[in-house]
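Letters are used for the chains, namely A, B, C, D, E and F, taken in the order the chains are written, and counting of residues starts over at 1 for each.
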Amino acid sequence: MSTQKQSTSRTPNRAYEEFQAFRADLNERILDRGTTTTKRFFTLDTKAYEAGAIDTKQKELMGLVASMVLRCDDCIAYHIDQCIVSGASDEELFETFDIALVVGGSIVIPHLRRAVAFVDACRAHAKSTDGGANDG
Amino acid sequence: MSTQKQSTSRTPNRAYEEFQAFRADLNERILDRGTTTTKRFFTLDTKAYEAGAIDTKQKELMGLVASMVLRCDDCIAYHIDQCIVSGASDEELFETFDIALVVGGSIVIPHLRRAVAFVDACRAHAKSTDGGANDG
Amino acid sequence: MSTQKQSTSRTPNRAYEEFQAFRADLNERILDRGTTTTKRFFTLDTKAYEAGAIDTKQKELMGLVASMVLRCDDCIAYHIDQCIVSGASDEELFETFDIALVVGGSIVIPHLRRAVAFVDACRAHAKSTDGGANDG
Amino acid sequence: MSTQKQSTSRTPNRAYEEFQAFRADLNERILDRGTTTTKRFFTLDTKAYEAGAIDTKQKELMGLVASMVLRCDDCIAYHIDQCIVSGASDEELFETFDIALVVGGSIVIPHLRRAVAFVDACRAHAKSTDGGANDG
Amino acid sequence: MSTQKQSTSRTPNRAYEEFQAFRADLNERILDRGTTTTKRFFTLDTKAYEAGAIDTKQKELMGLVASMVLRCDDCIAYHIDQCIVSGASDEELFETFDIALVVGGSIVIPHLRRAVAFVDACRAHAKSTDGGANDG
Amino acid sequence: MSTQKQSTSRTPNRAYEEFQAFRADLNERILDRGTTTTKRFFTLDTKAYEAGAIDTKQKELMGLVASMVLRCDDCIAYHIDQCIVSGASDEELFETFDIALVVGGSIVIPHLRRAVAFVDACRAHAKSTDGGANDG
């Protein structure tokens, strides 16, 4: 089944970069060819997470919990990345996972497995990027 | 369809009390007759929203967004009530609604309508309870 | 369960009017108090069904099939009304129901029952409105 | 929200009879006006629960668990009724509820509440029918 | 996550052929070993898209919108292929994508990305097949 | 789309082992770093399938039907494995598939294809393990 393909042998860093590359490439193709409605939807999607009465980190954690209970791996990956960029700690991520697990049930577990693998990929990527910068 | 039954003529306060009464009555019957697994699940469900790295208000807003994208009216009502008890403002509630709306799409709108009606029921209930207390 | 409340004794015409009244009332309250994101989402939702390469009747039938497989009674009611306003025949509605039934499975059947009841409510409403107009 | 309408004051027996009456009435209207595809789907739906390598009671419990995780109240009510007709005990029903609860998460709880209320309605109906027969 | 595996380096044509080969192989194994119910369901599934009051292209676009809001990549791929075979233009496909996006929300976006990639795979396959035919 | 990656050329036995290895590795990482809530949820998840008024094989078939209608490939794979370990025959598995197909609709079919491929992987693995044991 799908995790069979997500080989544990692939380096987490590689996984992170492939995810971002596919996402960026296809978003560009969609915005190139999509209608005004498509484009406006993408704009609204960005706008919903901007800081307001609730700050961005908290909104990204809400986007993560929504993605987990709806069980969309790519959305989970995207929001994990954004949560980490916004400064979420592992404790905050795991408490968010718990809410998703309790609300959404055991059907969420396979996505939780991939989510935990992706948290590690994000942390590894951040480290390697820092390393690269420091190399200079 | 279902909203037809949610008459606009019923007072919001009445709606709030009926919701709580049905919920309390049936939860009691479930915990009376349910298995150990049922009972432990109910305990876990409470535990997931306790303050930790993330505070309770924020966890309740996350429970609300999860309930909205999964489109469960009673769960939405329950979390709106808990959000308000935890001090959530209308601004925070509406920004939470927006995340649910953008993630979950227009299929969320009928639930959003009932959510907004229930926010008013909660606020009306709080006011009438205060009034009652002050009457003494 | 929920259909128990949808009494067969209520006249279809009354059901139609209550549905429209609740919907209009709450939409107004949402647009009054909602954020810019909320308002833009509602605008996009209208825009998606405007005639383009695909005409409005066909888009409404697509909105209906989407609402049925996602099992949202109010969305189904709304799109049935719009399909009928756009000139959809009962044959077209039932072929749309079939696609929803085959794609979405028997879990769609309770919604199909309420959909068929609402088709009758719409037709009855149209007739009574004509009658009323002619009465003048 | 929806449970507000499911008044605890209505007798369980009445709830049972209204559910069956609405279901029977609309199924008849669907089969009257539906296409060959609609009719064949309804036939398949019946056929899937006939005894084979797995007996009927067990298949109905499987229909119940599927209905609960997909969160369809009318499907839950229908399968609870069929489970009881096939001889399922309350212990079997509650163990089935547990699987649905653990797989589907806390979002299932409001449906569990209505399910437990409907189990009581079915048992009350069975008793009153026996009583009626004995009255003769 | 799953898109990581959908390498952008694989030629679209190869992706199209692998999809069709896996689908054909497994459908054969299912129909070989499945019950009468399984077989009848597969027959009904084909029948639902036959031209009637609504033509086949429109029914395939409806199958596509249903598959997108239910977020099933293989169903989306299958219906995109059938839409294109039935003569759907890119404009019609993108307006269908918009309805799915607005009804289903941002959770649909990762599937939209893979859908757009598959549209390109179908168009590339059609071109290469024409080329092959012309080679003769 | 996703099935493109599930190459038919990979041996079923390999697929089985990769699935189990990824699952075991990540479960360990989750239980290492997860909260008390996470751990208790995992315990409850195991407990729900223990023999009681309903035996384990039957509960696993119920877990399978729930996983199929909720369309989670990894959950389907896990429960197929457990069903086979508990002694489920192919006839019982296919009747379970039928209930899932009829309740959940054609959207279940891509998961049914992968389920049938995984049944074969489990049977092949069982055979190869026996062979290895006998080799000793």
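Everything below uses one rule, namely that contacts are C-beta pairs under 8 Å (C-beta built on N, C-alpha and C of every residue); 3 or more make two chains touch, one makes a residue touch a chain.
Given the structure is predicted, the values throughout are model-derived calculations rather than measurements.
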item	value
Chain pair, B-F or C-D, that carries the greater number of C-beta contacts	C-D
Chain whose Cα centroid lies at the greatest distance from that of chain E	B
Separation of mean Cα positions, chain E and chain A [Å, integer]	26
Where chain D and chain E are represented by their mean Cα positions, the distance between them in whole Å	35
Multi-chain contact residues (two or more partners), chain F	2, 5-6, 35, 37, 41, 44-45, 48, 52, 66-67, 69-70, 75, 95, 98, 101-104, 106-107, 114
In the complex, chain F residues that touch chain E	1-8, 71, 90, 94-95, 97-98, 101-102, 106-107, 109-110, 112-114, 116-117, 120
Contacting residues of chain A [partner chain D, same complex]	69, 101-108
Parts of chain B lying in touch with chain F, wherever the complex brings them together	35-37, 40-41, 44, 47-48, 52
Contact set on chain A toward chain B in their complex	44-45, 48-49, 52-54, 58-59, 61-63, 65-67, 69-70, 75, 89, 91-92, 95-96, 98-104
Residues on chain C engaged by chain B in the complex (per definition of touch)	2, 5-6, 15, 18-19, 21-23, 25-27, 29-30, 33-35, 37-38, 41-42, 45, 66-67, 70, 72-77, 114, 118
